[in-house]
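Here the chain labels run A, B, C and D in written order, and each chain numbers its own residues starting at 1.
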Amino acid sequence: MNTFAVNYGNLFSITIPETILEVVSLLVLVVDLGFLRKSTQPARMTAACVLGVIGSVLAGLWLLTHSGTASFAGDALVLNSLVAAAQIGILLLTALVLLLSFQAEFSRNPGEYVAIVLLATTGMMLVAAARDLLVIFVALELLSLSLYVLAAFAKSSALSSEAALKYYLFGGMSAALMLFGFSYLYGLTGTTNLNGIAVSLASQGLSPLVVVAMVLVAAGLGFKVAAVPFHLWAPDTYQGAPAPVAALIASGSKVASFAVLVAVTGSLIPAASASRGATWIVLLVWMAGASILLGNLAALAQTSVRRLLAYSAIAHAGYMLLGIAANTPQSGAAVFYYALTYALTTVGAFGVIAVVERNMGSDRFDAFAGLSRRNPLLAASMLIFLLSLAGIPPLVGFWAKFNLFAAVLRAPGVGAWGLGMVIFALAASAVSLYYYLQVLKRVYVVPAMTDEPMAVSALEQLVLLVIALLVALLGIFPSALSGWIPLG
Amino acid sequence: MHLILFIIFAGFCLAGAINLLLQTHPINSALSLIVVMSSLAVLYLLLGAEFLAIAQIIVYAGAVMVLFTFVVMLLNVGEEEKTHGSKAAKIIGFPAIVAAFSVLTTVILAIQNKLGGVKLSDGVTPMTELSTVLFRDMLLPFELTSVLILVAILGAVALARKEGHR
Amino acid sequence: MTQHLHLWLIPILPFVGFLLNGMLGRRLPKAVVSTIALAFPLASFAVVARAALIFIQVKPQILPWLINYSDWINAGPLHIQFTLALDQLTILMLSIITGVGFLIHLYSVGYMGHEEGYWRYFSYLNLFLFFMTVLVLAGNFLLMFVGWEGVGLASYLLIGFYLDRDSAANAGKKAFVVNRIGDFGFLVGIFLVLANFHSLDFFAINNIIHSNSGISTATFTAIGLCLIVGACGKSAQIPLYVWLPDAMEGPTPVSALIHAATMVTAGVYMIARTHSIFDRAPIALATIAIIGAATAFFAATVGLVQTDIKRVLAYSTISQLGYMFLACGVMAYSAGVFHLMTHAFFKALLFLGAGSVIHGMSNEQDMRKMGGLRKCLPVTCWTMFAAVLAISGIPPFAGFFSKDAILAEAFQAGSLGKILYFVGLATAGLTSFYMFRLWYLTFLGESRSEDHDHHPHESPWSMLLPLVILAILSVCGGWIGYGRFSHLLSPVIGSDIVSPTEASSGSLELILSIVAVAVAALGWFVAHLLYFKPNDRAQKLATSARGIYSLLLHKYWIDELYHAIFVAPLKFISQYILGWIGEGVLIRGSAWVLAGIASLTGELLRRWQSGNLRSYSGWLVAGAAALLLFAAIYANHLGIWIHFDPSKVLPISINPNAAGH
Amino acid sequence: MIPASWYLILSAVLFSLGVIGFLIKRSLITVFMSIELMLNAVNLSFVTFAHQWHSVKGQIFVFFVMMVAAAEAAVGLAIIIAIFRARATLNVDQVDLMKL
């Protein structure tokens, strides 16, 4: 074991953004439970959200201004441009989710709600940066625990607690599976560091135990990204959780999980041993294929927009898994780009769903009927989000897909199978347009049950428009962020 | 000596775990789980993990299981009903578990020679070493657990608190 | 001079129009909305015209003229630039798009004047022009694809413009989804191009191809076939044509602009643009030719018996597009593009004329209820007559020259070409028949309208002016272009491989022309016999050949066939198989499912997402076990169990102290 | 001397029993206990490997798993209380409002 001295000084220096978030979350609690105890519910929510947004913006600004490459505690935690990009993306997503939470009425504990959202964000940021099994585990648990709690936050809704329960139970099971895999990895290599594991595995022949460990780790991480067959929680949780929480689960948590999946893939495929790599890749490809197939097919049968988004999320996870399986630096970056832009779009879609639900009390297709006449701007945003998810150019969803599949095809050793998978994925995404159009048909064509305008706060409207604009502009200038996040 | 201890406590472990599944009242299951955990503590001792053995008793058998029994009492949970919500669980689940377990065991047995053996004389991990690693190399995750526990407290309070008239 | 030519203005101007009308249109008076909607396309046309003058007369030698505006995508080894390209083909297409586009905008001011959502209509129309000009100006596949999908979107929005019609919404969706199938093929083709040429730039690819890069014919064929799927989707060729007749649900000027003159020709344009790939893929070329000829003939036969005036024109469009495909398939790209141009004139005219009729008849589209409109709508009547002559291939109208060129080239292109020539010739006869039938039924004879109180009225000048201009183009467009056309386009789409075309002899061409005109005249004659005077000859014919008539009337039952083969099973899967997941009752009641494997799968699917936690666990475990077993077997297949070297696996037993503290 | 594989197999058995708990137990509380059982199985595996490697990393890992498990149990039980308030039942088979 290498000797390196770690003290609070350098721990603090590398985790300043996370620390900012933690301090702000405590501040939120103090303000909410201390000063504003007697205030009205909306005032408390507003104060808490404002503080939360300020916190995430501060942390994001710090990251933006302090770019650089660093590693900590023997590479337990790394900070490079890609990780920083993921972290800034996560912070942005959190800020957007908080901005969309201003009107949320599901909780009577706004202080706790915002504090836990911020702590969950800390978890996501650390997950994205972690390169040590132990840190990955603890950070993932921080993330998961926060999300379990958040999913149950709408206590007056029976669906919310059920959503939390399903999320929790399968989260717990998958965490145990993943830990079991981690224990075998540790047993085979004697280290928990991903680099160490890569080096050690490369020097050994392929042992059957590694194969077992791979499957177990794939199960744990497959749960986080909602890949078939570990996806069963996703539709129920997306449907039952409060809308902003569902948005967070679908966005920030996804980004973080894919980041860690990329890192783990890098360590499980040491260049020296093609056959071991092949096993892991084949696992990923199978999960990807099953996710794409099942996600798209099941989405066709949905009548709840949230469940539809859940199944489409499964399909999107499948596309991204293909990119991870390609395992080149380009495909890794393409997955990042895809995950971030997908997450952004999904947050927007859930924002629209939240507004509709507040007005109509349901997220069924009928609730969206005539949205274009009740609120044209909201309808236009939804149009942009859903078309981007379907991969229609020139929206960003198209570039993400194009870039991802191009990266997959360029990866060395992609033969007929790789080409076949890409064609399969393209065909599936062509099918996916159909169910997105089912929603858009309600939005634009089916007459509304009532003509009264859809009530939406100016802030929500603004945030949704900004997201829609981002989705469209990034589609027109896909390389606009290339200094920040490489396209591939 | 080692063999006898292992067989006894591994036996306790298995018996406890199986009993956990067979009992219908949650309290009985909880007690069985305590048996499993205590036996595991002894096995940890056999493996030279002195500190973990103690932590196992205090944290798991002590704190966590007390929490469980507390909730059982609080909600006055009774015997579990034998409902039939799912056939798939049995039809699909059991063969799957058997298959997975067989693969796992086969793999472990296939490489068992290379896994080495456990000797009682291998010694005990010194506390100082443990704490050095914990508080120096693993400082980050250690601090992270404090955040984790904060989330747990906040969450538990927020979820378990009664909400007035709503 | 060239540095002052801003190509980006061409697409951006309509886009600004779209933004202005889309955002503010709701609050603006109609006059302002129409001014905005007309001014920007007109300005765009002016830029195109100036570019055309500069390049064609002053300095043709500097074409193709490429402008890289910026790095667009810079992803590792993938560099794609924001390139607009201008060459002779582009200039021609742009002139049609912005020119005819402007006329149709002008026409729409009158036609759509009373519609609710006037501003929405014009903003969509401008959006369409934006995407269409992007498609044509694109210097690489990717930018072209953006325009390609964009015009699909605009078309979807415009077909579904009549919000209160459910059939319109469904037609829009059908168009979008069918186009997506084509787009899927196009995308696969683009990926194949990327994988093989490592570039998506049209001109770079041409250079690679010309430098004999050693890319095999099989690769070219694969790429070509994928691109054909894309072209078939957009240009409504067999088997992806089904969306176009339904697209007639949209407003008539939209049908004229998008579904006749511009968007549907994008497939032909794309093939011409990438012809250097097709030139090296004979199988792909033959496929195009066969698809084109088959579509031309098939759609013409369906057109024979349709009674809805717009549907006749829709099938006629499909049929004419088939001619263009046939031309591309025999490597007569310039003939294909020539026909594209003349077709844009006369088909836009036909649609606008039909629109004028529909407008005058207060939204009546059934030709059986028309008749005798010659007196009420004189301008419409005679401009449409010019278009009918043009499309039927009667000299010296525009269609004669282009169709003749295609047929002549086909005849000289090997034995397959000769067979396809006769198909095309037969189609020409059918075309002339159903077009004259349309004209006779609509304008001659006595009025068959049931509504005697209503008197059809001629349209306002804003609708008639485009008709007259297009009529002039339909009359003169052919002989102006004749002869000069292939010379003009030869730098762009002149085949760079020695064409199999035999050296054409003047006498052969003359004979072919005479035969073609004779066939067209025959079609006219038959139509004249049947429809010139009210008589029951047509009725008799229909009854005596009832089988064929019904087959044709129902469009060969293709929609029904598609429904049975594709739609119904998909619906079945999504409604029933997945529906069972939620509704176990259905299954329990039916004994046949409980028996055999069918019951097992049904039960499994129903169980899968039952909401029950324990069954979720069961599935999760099953999935994990399956992955584990699969990985074990796969690993075994790789040989790790056999070549397992224990000494290298775990260092533990070898050196217990290896791991330091 | 006992082969280390015995410990590992014991761990695998305990883990499988935990998974079986998920499949057959109807009471939510007992299902939660099954999670604890699985985590304990993992811990045994970690301790065994730590012993074999003479490395404290594995033991530290176990230490963290314990802490996380404690926090997780607290959250899980809070969710149970929320469920109980909403549904007045802790039967797994009856928490299935959402399907398809």
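Simple rule for what comes next: a contact is a pair of C-beta atoms (placed from the backbone, for glycine too) under 8 Å apart; a residue touches a chain by one contact, two chains touch by 3 or more.
None of the values given here were measured: they were computed from a predicted structure.
Asker: Which chains does chain A share as contact partners with chain D?
Answerer: Where chain A and chain D share a partner, that partner set is B, C.
Asker: When contacts are scored as defined above, which chain pair ends up with more C-beta pairs, C-D or B-C?
Answerer: B-C
Asker: Quick check: how many Å separate the C-alpha centres of chain C and chain D?
Answerer: About 59 Å, centre to centre.
Asker: When the C-alpha atoms of chain B and chain C are each averaged to a single point, how far apart are the two points in Å?
Answerer: That gives a centre separation of 64 Å.
Asker: Please report how many Å separate the Cα centroid of chain A from that of chain C, as a whole number.
Answerer: About 38 Å, centre to centre.
Asker: Could you please state the distance in Å, as a whole number, between where the Cα atoms of chain A are centred and where those of chain B are centred?
Answerer: Taking the mean C-alpha position of each chain, the two centres sit 30 Å apart.
Asker: Send over the residues of chain A in touch with two or more other chains.
Answerer: 1, 134, 138, 141, 145, 148-149, 152, 155, 165, 169, 173, 187, 190-191, 207-209, 211-212, 235-236, 301
Asker: Enumerate the residues of chain D that touch no fewer than two other chains.
Answerer: 18-19, 22-24, 26, 31-32, 48, 50, 52-57, 60, 64, 68, 71-72, 75, 78-80, 82, 85, 92-93, 95-98, 100
Asker: I need the residues of chain C touching at least two other chains; which ones are they?
Answerer: In chain C, residues 578, 581, 608-614, 617-619, 621-622, 624, 626, 628, 632, 641, 644, 649-650, 652, 656, 659, 661 touch at least two other chains, as defined above.
Asker: Mapping chain-to-chain touches, which pattern fits: line, ring, star, complete or other?
Answerer: Chain contacts: complete, every pair touches.
Asker: Help me check something: in the complex, which residues belonging to chain D touch chain C?
Answerer: Residues 19, 22-24, 26, 31, 52-56, 92-93, 95-100 of chain D touch chain C in their complex.
Asker: Which of the residues in chain A come into contact with chain C in the complex?
Answerer: Where chain A meets chain C, its residues are 1, 165-166, 169-170, 173-174, 177, 187-188, 190-191, 203-209, 211-212, 214-216, 218-219, 228-230, 232-233, 235-236, 275, 278-279, 282-283, 286-287, 297-298, 300-301, 329-330, 333-334, 387, 392-394, 398-399, 402-403, 405-407, 409-410, 419, 422-423, 426-427, 430, 433-434, 437, 441, 444-445, 447, 477-479, 482, 486-488.
Asker: Along chain D, where are the residues that touch chain A in the complex?
Answerer: 15, 18-19, 22, 28, 31-32, 35, 38-39, 41-42, 45-46, 48-50, 52-53, 55, 57-58, 60-61, 64-65, 68, 71-72, 75-76, 78-80, 82-83, 85-87, 95-98, 100
Asker: For the complex, which residues does chain D have touching chain B?
Answerer: Residues of chain D touching chain B: 1-10, 12-14, 16-21, 23-27, 29-30, 32-34, 36-37, 40, 43-44, 47-48, 50-52, 54, 56-57, 59-60, 62-64, 66-75, 77-82, 84-85, 90-94, 96.
Asker: If we count contacts the way the header does, which residues on chain B are in touch with chain D in the complex?
Answerer: Touch residues, chain B against chain D: 2-3, 6, 10, 13-14, 17-18, 20-21, 26, 29-30, 33, 36-37, 40, 43-44, 47-49, 51-52, 55-56, 59-60, 63-64, 67-68, 71-72, 74-75, 77, 80-86, 89-90, 93-94, 97, 100-101, 104-105, 108-109, 111-112, 115-119, 122, 125, 129-130, 133-134, 138, 141, 145, 148-149, 151-153, 155-156, 158-160, 162.
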